[in-house]
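What follows is one structure encoded as structure tokens, with my remarks underneath.
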């Protein structure tokens, strides 16, 4: 029996249920324990074709590293918006041709719905590596995997999501993913960066959450502190930015207030939301999270490319 | 006995006779039917080094995909003109060093003769991926292969080449290639974009053709309609461009006038010369053509790199 | 017993003694004679991650070619300074994450000490591919290997280093490397481009050398002529540049004055320091040197990645 991901597109985390996550997590657990010799056979002779209309070096390298770790090759366009190939060519044609050149297509695009459209056109399975304002399914997969791996469970946890909740697509994908579990979610942000009101209905259908502006007051309760970058450009008034910034930064003071077995996550890159002093604390899991990003993507590619899974 | 392409340069389609085309076509037919396991052994451990002095994402990715499909690796410079390596370095030195780093060199360069010169300097076989105004041999190979594959023959066909015949090197390479076959060629273009008069002598030595400005009137006769982009920049007078443009575009109206078994080809990327409505018609072969581009290049690389062919 | 390079960083040529050089040279000799089939097993399934904060197409391609020749894959950032990944991210974080994605990290950075710092942060062995003003250890390795291979010995040779001795980090790394051997070194440069006075103490501890401005007068004595580029930008007064330039250029006249078995080396790319007329002379070894660059880097990677060496 073929695995459920074989030759399937990964467009939205909203298409995922608990079982789908579990399939990927088990494949990840297995891939981590495989010898390099076994692993490099999984994708040998296979080609990943990437199209990044929005540059994202981190996500691109994570996919390339994942593909290389299973023995495959990556080709593509790191900055498709300015590429000569794009001079007037439609998104559909660009995706279609890349799908003729490769075994799986990875797309990053700024527009909502781009990925769904591209999946229709593509001759090969398409993975959404970030689209529009809300969708970044492989980031959600790695985030949930990190929680499960480091906390040994997901149900019952108190999860705080901190910082810029308005603009980060990572946050939305994570919320949709958490909707599959019984978690207590606190959204902690300055008022100007609260979650978008046009998304709350959709999120509330899946998940109960509370909103607050105060990180310090909430931190001792949390099992998972998921922190994101607050970007200066988001503020009309620079003084507002300066005032707000410090309150959503974690340093050694705040860590002392955290539970002993709580974990700190961050999609990276970080600026100064997390003091480097914390890197050596046992709560710091953001680098581990990046590592899991490579592993979960390798597992997902393995499932998509191989009928019998791994 | 070693195959005739082993360790040979591919500089000009004018060096090709019917037999050479046939060797590549048979290798392509074979490579298409090979299992991934067999295919990836052909180029394993081999490195393709590319130097693109003119950016061409499409051609570069086609070569990379071809090399990956036979198990090899590609390295190179996608924009050699602006690369730091080029700060004052001669073309000869750049090619020479790339040839020390790789097993086969792929060069794209804006100057006529660049490829012939580079082949002299290179320590490894060199493939011309487009040079000057007339040469793009691997494009001609894939074009002829597409006709042969989709029409089951080449001799006896009526081939219309449509659009900008003055500036596209694709057109010239295709004409030189067609010179090896008994075909009836019609060149269909606005007067300002007729084939260059300084090339007609050379082409006429190989091939009889007629010229016309009217696509609609000719289309019902043709077995192959090869359409190319008409670029705005080519016209001094923008009104002239607007007037002309519509006449060399294929939509559903024109397709109805075509023979039932005629095929539409395009080197891609297309702008609006071909309506997307046509993509699902049985005449549309331009995406298939792109796919054959990868396959013929894989076969060519296999023949160049392996003494015993494939 | 594991080889001394297994999982070790390569930060500075000053950490090298004669024995270390010899280990790499023997591995290089061996890798050159291996069949492609054997070679491509050495690094199969392994990933090299490169971070070039200073663009250097030549060095990057040499590493990629080396990694490909042993069957491995390279991923990375060719222009890390302008990469989106770098928007405010610290060098430490960038290196750390790349080290989670790969098996060995290759770093090029403009700052002195960057490489030592990065090696501390990296989870995987780190190779310095050029840092600050003085360090380029893999260039020194290939330079010394070229001398040993082409002259059959290093001790007892007269080595002239010619051109811009002030700004080229290649020169400093070579001098530190030569400090392990009994060589007679002549530094030949215009007064404005003499070796930096703040480095002479460190160099003199390791090596005796004489300084001169006259290439022609010295050339007949030398066994090795190592010539470097003189860059216009280094001169405040352009007339000074024009005056000086011609004196440190080697043409057929000067070659006639050289010993019959002397060799000419150059780190490349060259501008007009060496006339192309010389390329076919038996003294010209600069292209051979580039080839050895790939081979020595392949050997180094093999030693770092494989406990039992090669």
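Residue numbering begins at 1 within each chain, and the chains themselves are lettered A, B and C in the order written.
Keep in mind that, in the parts below, a contact is a pair of C-beta atoms (placed from the backbone, for glycine too) under 8 Å apart; a residue touches a chain by one contact, two chains touch by 3 or more.
What you see is a predicted model; the values in this text were computed from it and never measured.
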| item | value |
| --- | --- |
| Touching both subunit A and subunit B (chains) | C |
| Rotational angle, Cα trace of subunit A fitted to subunit C, multiple of 5° | 120 |
| Same-residue or different-residue interface between subunit B and subunit C, half as cut-off | different |
| Centre-to-centre distance between subunit C and subunit B (centres being mean Cα positions), rounded to whole Å | 40 |
| Subunit B: positions in contact with at least two other chains | 73 |
| Interface residues, subunit A side, partner subunit C - complex | 36-37, 39-40, 55-58, 61-62, 64-65, 68-69, 71, 73-74, 268-271, 276, 287, 290-291, 294 |
| Complex contact set, residues of subunit C against subunit A | 44-47, 49, 73, 75-77, 83-90, 92-94, 96-98, 100-102 |
